[in-house]
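Next up: some structures, all given as structure tokens.
In what comes next, chain A is part of two complexes: it sits with chain B in the first one and with chain C in the second one.
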Partner chain A sequence: MARMKFLCDADRCIECNACVTACKNEHDVPWGINRRRVVTINDGKPGERSVSMACMHCTDAPCAAVCPVDCFYTTADAVVLHSKDLCIGCGYCFYACPFGAPQYPRVGNFGSRGKMDKCTFCAAGPEGDSTEVEYAKYGANRLAEGKLPLCAEMCSTKSLLAGDGEIIAAIYKERVTQRGYGSGAWGWQTAYRETIDV
Partner chain B sequence: MPDNRLGRVTLQVIAAFMALTLLVAGPVYAQTPSGSNPTAQAVNEQQLLDELQKIEGRVTLPNTAAGLLEQPQGRDYRSFHEGWLPWIGGIAITGILLLLALFYLYRGRIRTLAPESSVKILRFGALERLTHWMTATAFIILAITGLNFIFGKRLLMPLIGADAFSTWSIWAKYAHDFVSWAFMLGILVMLVTWAWDNLPDRHDAHWLRVGGGFFDKTNRTHPPAGRFNTGQKLIFWAVVLGGIALSVSGIFMLFPFAFTDINGMQTAQYVHATVGIILIAVIIAHIYIGTLGMEGAYEAMGSGTVDINWAKEHHSAWVERQQAKGAIPPRSAAEPAE
Partner chain C sequence: MQENKQTAMNRRNFLRAFGGASTTAVAAAVTLTPGEAQAYDPGEEETKTRYRETEHVKAFYRVNGYETLKK
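Moving on, here comes the complex of A and B:
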């Protein structure tokens, strides 16, 4: 089994937000929820870089650790998923997540957030693969169909890579060697406690 | 000279073409050690984290808070929440239970020395008792539902299963969010009604020196005390100050991100959980001494009246003051009938 990872090559990201749109469309994500977002650092200044960020599917994920009802689980592909049936919407995972990935529909009084929603690496949730009930809760299950996450698949500059960590690291490494520069694999040190040496 | 002019134009075109070629070929230089590097000015993840501890940028979403790209502080939150907190909670609560058990074995129930008289005096009025029991009920609900966030998945979930535990936890969360308002109201009313009687007075130093008479097995040590003795004052201020800390940090969490950013939310949790645990331990001791631990203590908050002999033993200065004010029968009338 592969160890699935995301990698955003910030030197290629053009902040087109197609990954964000693709994600919202593919999973029919409600208003106000963004499983993926593009953050621009030093916007308008020399050296500006944009990074597309979603759940990084961390090794030893902090969200899973702090969840008071243990609603998270990690798949054989090392994708971090959760059960919306068990989630109580307490918001602890958002406080623990280094990447701001967990999202909440924000309904109800006094911090009642509703069931948490986040990037599933297009692997949906615990319900049966590619069922209607699974789609309604978690969105499409592309992994079950042998496809990779749509955000990366349709990235126009191939800045966003998704797939087996070793393969995407090798692709990135080759790129950096060929073009002679690279600002590194954003978030990898925090998420996977390792980075790509180039 | 047309020839010359033509030559000049040709030269300009060639120069412009060469400049363009250089411009287009620019990035090629990046591959050479001497060439320009297009990432020379680029932001660097590690450098940003080292300098700012987190990475923020701009997003085109209405939710500008989503511009926070990375906050490794989530790791500290996790290590507090899953590392420190269960230990602090476990030690504080089992610790206080153990101490109380040891104290009970050593001292037993603290009895009233004088026999029961026929005279009962009012110790807590209806409003005071209502406030106490409203706050107490709220606190017990909040304590149980709050502890559920820490220990539920460790102790209860293995017993009842993930689904039942999730259902219970959702209701526990709602209870915690809504009952908190009764607790906050109670804390405010308590502060207003009891703060004056809980200010330090001349009896406190002596009371503390003899340990409130708690450790005198002969039951002869009864240091004079006003309406509240020093121990009760300490409980009061722990409840009021702890309650205010819980209320403020709790309001931060009831309205997430309304007043603060993510690190503020994490701090609110650190404060809320730590103060909550300490206050639960304090209240366990308070419940013990108010019920099992001391004869006659429960009546004060139960019926609101206490036996005058009990009051003389435990709150002599208060009884004297009440007698002087004429609020209760004077000394002679209060003597037990022989």
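Moving on, here comes the complex of A and C:
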């Protein structure tokens, strides 16, 4: 069975933030919440790297392990989703998540944060597929429509990959094999001369 | 000043006398029923496979692997 995964090709990400914008637009994500964000390391310096990050839909999700009300569940596609009806906004999942994926609509402690919101791999939540109720709570259900997450589909540099883990891993593996990595990559010396050694 | 101190003492005595007694009474009245915690079970319909390798999805794979996946 296919396992849904995200994979960001950091060599290709140009920090355009189009994935972030597309996600917010597609799911009508409220102000203050970013289900996806682009993290840049060594910003402005030679050799900087950008990675688009969101919920990575862990196999043994730490958010689910710490949730006091057990509102998380994993679908047959290995997508980690949660029920906003059960969520009490305690914030434990935010502390547990190594990627900072869980987001809250308000600032505060415990219930005052509001219900947790995170990337759903465009698979929405437990309500009926593509219903208004589902959209209002979780956003669009593109997976049920036979599509993939919009952030990956519209990535202009084909940096962000999403879909069947085995297929996108094969795509990435071939890319790495062909272009090399770091200083062994094609064009590296042209771009950075010999001053950068990564 | 002395009057304020006296008032504070009275308040504390009141809490000790009545608050403590009532808490004990409530604790005794409530009987906890032991049982196993129940995890959220969304059901088969919610967890079923939604991913399908449609033409749309195949096009995504093809476009992303155009330079690598030789058909």
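Basically, the second predicted complex is superposed on the first by the 176 of 198 C-alpha atoms of A that agree within 3 Å, B and C clash if a C-alpha of one lies under 4 Å from a C-alpha of the other, contacts with A are read in each partner's own complex, and residues count from 1 in each chain.
As a convention for this text, a contact is a pair of C-beta atoms (placed from the backbone, for glycine too) under 8 Å apart; a residue touches a chain by one contact, two chains touch by 3 or more.
Because the structure is a prediction, the values reported are computed rather than measured.
Engineer: Once the structures are superposed on A, label A:Pro126 by its partner contacts, choosing first (chain B), second (chain C), both or neither.
Structural biologist: second
Engineer: Of the partners chain B and chain C, which touch A:Ala96 in the superposed model: first, second, both, neither?
Structural biologist: A:Ala96: touches chain B, not chain C.
Engineer: Once the structures are superposed on A, label A:Cys71 by its partner contacts, choosing first (chain B), second (chain C), both or neither.
Structural biologist: After superposition on chain A, A:Cys71 lies in contact with both partners, chain B and chain C.
Engineer: Return first, second, both or neither, reflecting whether A:Val39 touches chain B, chain C, both chains, or no partner chain.
Structural biologist: After superposing on A, A:Val39 lies in contact with chain B but is clear of chain C.
Engineer: Could you figure out whether chain B or chain C reaches more residues of chain A?
Structural biologist: B
Engineer: Which holds for A:Leu86: it touches chain B only (first), chain C only (second), both, or neither?
Structural biologist: Both partners, chain B and chain C.
Engineer: Need the overlap of the two footprints on chain A, from chain B and from chain C, as residue ranges.
Structural biologist: Common interface on chain A, chain B vs chain C: 69-71, 86.
Engineer: Give every residue of chain C touching chain A within the complex, in rising order.
Structural biologist: 37-42, 46-54, 56-57, 60-61, 63-65, 67-69
Engineer: Which positions of chain B touch chain A when the two form their complex?
Structural biologist: Residues 27, 30-31, 37-46, 48, 55-61, 63, 65-75, 77-78, 81-82, 148-150, 152-153, 157, 162-163, 165-166, 169-170, 173-174, 177-178, 253-256, 262, 265-266, 269 of chain B touch chain A in their complex.
Engineer: For chain A, which residues count as touching chain C in their complex?
Structural biologist: My answer: residues 1-2, 4, 69-77, 83, 86, 123, 126, 129, 141, 143-144, 146-148, 152-153, 158, 161, 163-164, 167-168, 170-171, 174-175, 178.
Engineer: Considering the complex alone, what residue numbers of chain A touch chain B?
Structural biologist: 10-11, 17, 32, 34, 37-43, 46-51, 53, 62, 65-71, 85-92, 94-100, 109-113, 179-184, 186-187, 189-190
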